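Okay, so subunit A shows up in both of these, paired with subunit B first and subunit C after.
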Partner chain A sequence: MRNYLIRRILQMIPLLIGVALVTFLVLNLVGDPFAQYALNPRIKPEDIARMKHAWGFDLPIHLRFFKWFWSMLTGNWGVSIFSGGRPVAELVKNSLLWTLKFTVASFILAFIVAVPIGIYSAIHQYSILDYFFTGFAFFGMSMPTFWFSFILLMIFGVRLKWLPIGGVMTPGLESAPFLVRLLDQTKYFILPVVVLAFNTMGGWMRYSRSSMLEVIRQDYVRTARAKGLSERVVIYKHALRNALIPIITLLGIAIPGLISGAMITETVFGIPGMGRLTLNAMLNNDYPLAMVTLLLESYLLIFGNLFADILYAVVDPRIKYT
Partner chain B sequence: MKDDILVQTKDLQTFFYTDEGVVRAVDGVDIKISVGETLGLVGESGCGKSVTSLSIMRLIPWPPGKIVGGEIWFKGEDILKKSEEEMRRIRGSQISMIFQEPMTSLNPVFTVGYQISEAVLVHQDVTEEEAKKRAIEMLDLVGIPDPEKRYNEYPHQMSGGMRQRVMIAMALSCNPDLLISDEATTALDVTIQAQILELMKDLKRKIGMAILLITHNLSVIAEMADNVAVMYSGKIVEYSDIKTIFKSPQHPYTYGLLSSIPLVTKKRVKGQKLPIIEGVVPNPYHLPTGCYFNPRCPYSTKICREEDPKIEEIAPGHFVKCWNYLKPGMGV
Partner chain C sequence: MAISQEYESELTTYKAETYWQIVFKRLKKHKLAIISLVLLIIIILACLIGPFFVKYHYNDMSNYDPDNPFVGEYKPPSKYHLFGTDELGRDTLSRILYGGRISLFVGFASVFSAIIIGVFVGAISGYYGGILDTLLMRFTDIMFSIPVMPLLVVLATIIPGGGVWKIILVITIFGWMTDARLVRGVYLSLKEQEFTEAARAIGASNSRIIWKHLLPNSMAPIIVSSTLGVGGNIIYEASLSYLGFGIMPPTPSWGNMLQNAQSAMFNAPWLIWFPGIAIFITVLAFNFLGDGLRDALDPRLKL
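On to the complex of A and B.
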């Protein structure tokens, strides 16, 4: 296992460099990010030249790549062009905190709702509740996020006035005691968490249902029954353990989403998270920031896959990494 | 000993309700197994052998299958009247079962040792340590070398023959009164098959259990069984002790089965084909009228096409379900 890990990490190095190269090239296709300042009378040509030098735009493109990649690796992520010169690292850190708060919550919510329901549907296949949950799953999957967000906002925010209609906290509570802030933010996060969870839940429900359905038809489940085990042990020990193996793939795929955030949901609910940060960086041609967020998100996908592979080996003894 | 009945089914009926119609997989089966007896149950694929055995275990999956009629007596009690909880206590301890596919019958994510000791733990009042000891003992008994080490192995680390031994160890771990072997050796190659059969015979002597041996391999029956029941389309067509079946089969189907066994000792004219039973098993959704075997039977007469015969005792202990048994040309 340790050898496998070392090998996998070594194999990842060319992949990570390749991804960085592609990200770099694609964003450089956009053209000179500093050109937009040439017409701004408040920015002196010397300043533009200084910025160009700082970002290596006075170098040939291959040297610029190395300069950029090296500063990425050393953590010197520079300053954002657009957001008043704030350090990129600080912007990412702030956005990441907000994003994690609501993505992790929705991830957990989706998981604890979807997997048990999927398993219930499989055990009680074609029952009324199974049909109900199937309909629910398709409803969740096919609903456009922005539309559903607005519907919920209309009902709970505008009509019933139970929940705030946007933002992440009530102004003026920044230095309130922790519990007060927690309660306050929970109110703001309920809707985005539900919307995001609803969207992922449907797929996960179907996924765990079909995985469980496949497993409960297996010969070893019949063997477990023939041994005289109770139905509870047969299902929750012998079948579930096997059914969970493919569900782990979902976890691996979902991990990058935890950090990259959800552009649409964040935009609708006004959450200053990673999704919005990335989107704005792109729209504003904020070269330094866009480079960091894109690279970060693609790297997380790679690490998420590695994490899923490791989890496989933990739950499935047939998989042995050497 | 002869009258010490362990299991008896009376007019057992197990049907499957599918979208296309009702399949009468087992339709009025009477079998009887005495203590320590080996009963062979033979027939083509789909004739209801496995469904009969799963009915005895009460493991018919509902939906679509259901035991709709009859009685199953085990040790003087009708197990169809038992609750699921009572049945659970019988499964694996008094009636055990080994299945056809050793490659898929063990759970891939648990060690073989754990899967055996689990059966012991469920049925016996023992500690985990004792269950483990018992499991290792069983692995040793079924001839798995180095059982302490093998205890911690996973099914994928073993060959098919080894896995079937593990299945047997699991089935026998609680000293059952009845072992149901559902095509347990079919998926194994011939040498391993012989080893497993030898092992079962040997263990039967040691433990004194009865065996319900389901197979479509008549040589296995000849090797192992005391009595034989021949099944066709969900019904028993002939039932007798092993000698009578092989010496003088009375049902045309049994006769056909026996004559389609190639024998090295038999002189055969060059180019002569092995006799086969013409046709295929009837479609369970559209069973023929009269005797279900009549479309394939070379001796079929008018009454065969009109009315289904009852099973009759034609000699003590020899039951045949046929209008025309003992007709000239039949029997060897």
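On to the complex of A and C.
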């Protein structure tokens, strides 16, 4: 087990560097940030050269990459050009908190809804409800996230006026007691959480359904039936426990979707999270910030996958750590 | 001895069916897939020839008319504008039909180009293996570790222009890796099979084995993944256009028709319903068709 862990983590290192390299190169394609100064007749070429030197832009590209990567690792992320020179670390910290809050909530919601439904569909294969849930899963996968958000906003926000149509909290409640703030934020988070969960639910349902179906057909389940156990014991005690193991990999599968979906959901509902921050950085040509957020989102994904893999290895005793 | 009438039906010889006839026969049993196929043909035809039959050009602005309450900006569906008008008084029906051309074209073209690159890379990588394979697969690993939507937004910012071709390029850049992985996996298992061995034994060259023997045998997963891919790419185009990085107005696409729709939520809900339903039905049909094709082409296939 320890060897497996060490090997798995060592394998991750080239991936981390590779992602950083791709991020760096892609955002370097933007071009020379000093090009527009050259058009200005009042800025002398010497001054441009001096600025380039001051910012390290006169170095060859591989040295620039190492310099940038090192400052990323040491947490020296610089300042954002367009957010009034605020430190990037501060912007990212606030945004990451919002994103984690509502992606984790929708992750839990999707899990507790989709997995039982998938298992029910497998036990009652080809029943009416099975077909209904399959159709439901396809609906969820075929709907653009932002359009589904619009529909929910129109129904619950505009028509029924039950829920707010955007933002994260009611203005003026910043210093209210904790419980009031919690209730207030829950109201704002219901729609984004449901939208994001709905998007991932379809895939999960089908995944847990096929996982359970596979287990039900195994010999040991037939043996359990043959020795006269009740159907309930066979399903819930023998089959379910093994069917749940592959579902853990859902954790790894879900993370990319959650991060991507979060970008759109945050935009629709006006949540100041990571996706929104990346988007604004790109809209404002704030590339230093965009590089940090893109890198962080990728690392979130890589570490999420690592976590899922380790969890899988811990839970499933059949896995050999070779 | 004469064969009695009642056994004649059993004696008639059967025509040998080709693979594709069998596939179509199996597909016909999948009701939802057939309905989706018909629906898709109708949608595609409507988008292709529909714009010739509508009264308004997609950029015509319907002018305010004091005598007619149904023309002008933000007008609800009526007999003058079947799907209503948008914030500039343009006919929504005409824009949906024309936008459908763009959205479907983006969907098909990006899948097609991604498949070409993916098949090429996957085939080479899977067949030859070795250092090339390792390098290509590590590269796909890296690309898979960057979340799709942020990557698409970054690519869309960096590549200049705002046209259809740019979006196709952007979606292709991140899309080919999935196909490459898929094709590589199929090739890895196919190259160990007897028919490949036989082809090699009679002296077929590597490129002949790759393109003439292995490629036709890996068509099933490629067809399924591209059918599902068209739907997925239509959603990506729509999402990018919604975020403002997609196809630039005034060219309509289903996605950028929804770009300004959020503000129309209060007074013009039809601007949200119609383009969204167009996307939803089309993507749903592609998903059902892909699902049916998967069962019909190869029931053992897991995609």
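Criterion: the second predicted complex is superposed on the first by the 289 of 322 C-alpha atoms of A that agree within 3 Å, B and C clash if a C-alpha of one lies under 4 Å from a C-alpha of the other, contacts with A are read in each partner's own complex, and residues count from 1 in each chain.
Simple rule for what comes next: a contact is a pair of C-beta atoms (placed from the backbone, for glycine too) under 8 Å apart; a residue touches a chain by one contact, two chains touch by 3 or more.
Since the structure is predicted, the reported quantities are computational estimates derived from the model, not experimental observations.
Trainee: Go through the superposed model and pick first if A:L27 touches only subunit B, second if only subunit C, both, or neither.
Mentor: After superposition on chain A, A:L27 lies in contact with subunit C alone.
Trainee: Please indicate which partner A:L63 is in contact with in the superposed arrangement: first for subunit B, second for subunit C, both, or neither.
Mentor: So A:L63 meets neither subunit B nor subunit C here.
Trainee: Contact-wise, after the overlay, does A:V268 reach subunit B, subunit C, both or neither (first, second, both, neither)?
Mentor: In the superposed model, A:V268 contacts subunit C only, not subunit B.
Trainee: Looking at A:A49 after the superposition, I want to know if it touches subunit B, subunit C, both of them or none. Which is it: first, second, both, neither?
Mentor: In the superposition, A:A49 contacts neither subunit B nor subunit C.
Trainee: Just checking: does A:M1 make contact with subunit B only, subunit C only, both, or neither of them? Give me first, second, both or neither.
Mentor: neither
Trainee: Would you sort A:K227 into first (subunit B), second (subunit C), both or neither based on which partner it touches?
Mentor: first
Trainee: Quick check on the superposed pair: does A:D219 touch subunit B, subunit C, both, or neither? Answer first, second, both or neither.
Mentor: It touches subunit B, and subunit C stays clear.
Trainee: Kindly classify A:P256 by the partners it touches after superposition: subunit B alone (first), subunit C alone (second), both, or neither?
Mentor: Second partner only.
Trainee: Give one of first, second, both or neither to describe whether A:L183 is in contact with subunit B, with subunit C, with both, or with none.
Mentor: Touch partners of A:L183: none, neither subunit B nor subunit C.
Trainee: For the three-chain arrangement built by superposition, which of subunit B and subunit C touches the greater number of subunit A residues?
Mentor: Partner with more touched residues of subunit A: C.
Trainee: Taking the touch rule as given, give the residues of subunit A at its contact with subunit B in the complex, in rising order.
Mentor: Residues in contact with subunit B: 218-220, 222-231, 238, 241-242, 245, 315-318.
Trainee: If we count contacts the way the header does, which residues on subunit C are in touch with subunit A in the complex?
Mentor: Checking each residue of subunit C against subunit A gives 138-139, 141-151, 153-155, 157-158, 231, 235, 238-239, 242-245, 255, 258, 261-262, 265-266, 269, 272, 276, 279-280, 283-284, 287-288, 291.
Trainee: Given the complex with subunit C, which residues does subunit A contribute to the contact?
Mentor: 14-15, 18-19, 21-23, 26-27, 29-30, 138-139, 141-147, 150-151, 153-154, 157-158, 165, 256, 259-261, 263-264, 267-268, 275, 278-279, 282-283, 290, 293-294, 297-298, 301-302
Trainee: For subunit B, which residues are in contact with subunit A within the complex?
Mentor: 57, 59, 84, 88-93, 96-97, 99, 101, 104-111, 118-119, 122-123, 154, 156, 167, 170
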